[in-house]
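Chain nomenclature is as follows: A, B, C and D, assigned in order of appearance, with residue numbering initiated at 1 for each chain independently.
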Amino acid sequence: MIKILVLDDDFDAGAEIANLSALGGGAVASFVGQVRGDGQLDALELEHYPAMTEKALREIAEKADKQWPLHGVTIIHRVGRLKVGEQIVLACTCSDHRQAAIEACSFIMDQLKTVAPFWKKEIKQDGSESWVEERQSDIDAAKSWKD
Amino acid sequence: MIKILVLDDDFDAGAEIANLSALGGGAVASFVGQVRGDGQLDALELEHYPAMTEKALREIAEKADKQWPLHGVTIIHRVGRLKVGEQIVLACTCSDHRQAAIEACSFIMDQLKTVAPFWKKEIKQDGSESWVEERQSDIDAAKSWKD
Amino acid sequence: MTYQIDIVYFSWVKERLGRDQETIICPASVETVGDLVAHLKAVDSIYQQVFSDLKKLRFALDQDFVGLEASLGDSRELAIFPPVTGG
Amino acid sequence: MTYQIDIVYFSWVKERLGRDQETIICPASVETVGDLVAHLKAVDSIYQQVFSDLKKLRFALDQDFVGLEASLGDSRELAIFPPVTGG
């Protein structure tokens, strides 16, 4: 069971975890990413490529589902303006095995950073804006998973 | 911030994740283990060593906190009789970095399986009971983390 | 024979070009994504500026990531954007 | 000089012994966890049965995991149980 959501509004991580828990696998791993309040940051503006986004997220979920024995995968990614502290992203996986659930969750996050069409712009408290650049550590992390 | 709970009652995974999210690290990983409905299983009876349990869980959390840059760790483990589908355990970690949060969460689960004083007894639908035996895969997983 | 394709832009590519999409009529000589980018750079200096460092650009044809060598074929939409930074 | 120590049992060790705790008076010759286990096996056949395979037992002295070679020192509580299976 794959669930993909691209949302302007916030989401309820606990409810999503509960939904996957109800599948009965016994092992549910999740990751929540938020806007981290570094220095002078006020908010992030999350832009995406609407025609491609859901398809890209679904491909990531399907890849995870092929590589690990999962009962369910949920990926939620928000777009628009998100203030410091707000939730950006949720990846949640359910399996019979804890390592499978955790590894698949980690894989999904690494893929999200490198092959999902989102772009973050930082908006500082003084009103200045700048696009976030890709990080070598994210590229390396994504490459560390064999195809 | 380390939070350890040993409970008869159920817990709210979403609320615990929200508590760690409020620390502002930006990366919150969690794992929920449930009673998996294999075959004829009706429930698990979770026994523990009360004088040792909280101390052992705290040591696991402190080890994780030393090994990764964490803002917070929450470990909740239930005891008593738990029906199929019920939650048994929660490990939740918060960091500035997603890999740190996910790895620490995985480490905590592997430690819980091998050095926390809990014992599971399976109670089948026909009333028969048997103690769960340790699994070599759990021992190997715990050993895979360097000290 | 000419060929018509929609191009969509995101992030700073969109901002620097001052547009989020346009339809381009390609001459018959344009066969790949790289050809199309070179064609645009030849017709207007704004593309020369924004597309100056091709290593900083990524491409998707009909919503699939591709490289500069990808054939346009009968694709309907090319997307040009910087490396993604979501998650 | 004799030495007194509380022993607590869990899981099938508790069930097979039919008790969850007891206080043992050790003779002076008992210095380690292994000595105490051997002493118990010598005094009553129920311990011989339950402690027959030491590889299936784990030990904690004052709530810290220890091996059979650990010195009892002035520990107050020894726990004897099978490998843990929580999580």
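Definition applied: contacts are C-beta pairs under 8 Å (C-beta built on N, C-alpha and C of every residue); 3 or more make two chains touch, one makes a residue touch a chain.
Computed from a prediction, not measured in an experiment: that's the story for all the values here.
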Centroid comparison with chain A (C-alpha atoms), farthest chain: D
Whole-Å gap between the CA centroids of chain A and chain C: 27
Inter-chain centre distance, chain B versus chain C - centres from mean C-alpha coordinates, in Å: 49
Centroid spacing, where centroids are CA-atom means, of chain A and chain B in whole angstrom: 23
Residues of chain B touching at least two other chains: 33, 98, 109
Of all residues in chain D, the ones touching two or more other chains: 87
Touching pairs among all chains present in the structure: A-B, A-C, B-D
In the complex with chain B, residue positions of chain D that touch it: 8, 10-12, 60, 63, 65, 77, 79, 81-87
Residue numbers on chain A that touch chain B, as the complex places them: 12-15, 17-18, 21-22, 24-37, 84-85, 87, 96, 98-99, 101-102, 105-106, 109, 141
Parts of chain B lying in touch with chain D, wherever the complex brings them together: 33, 46-49, 51-52, 55-56, 77, 88-89, 109, 112-121, 131-134, 138
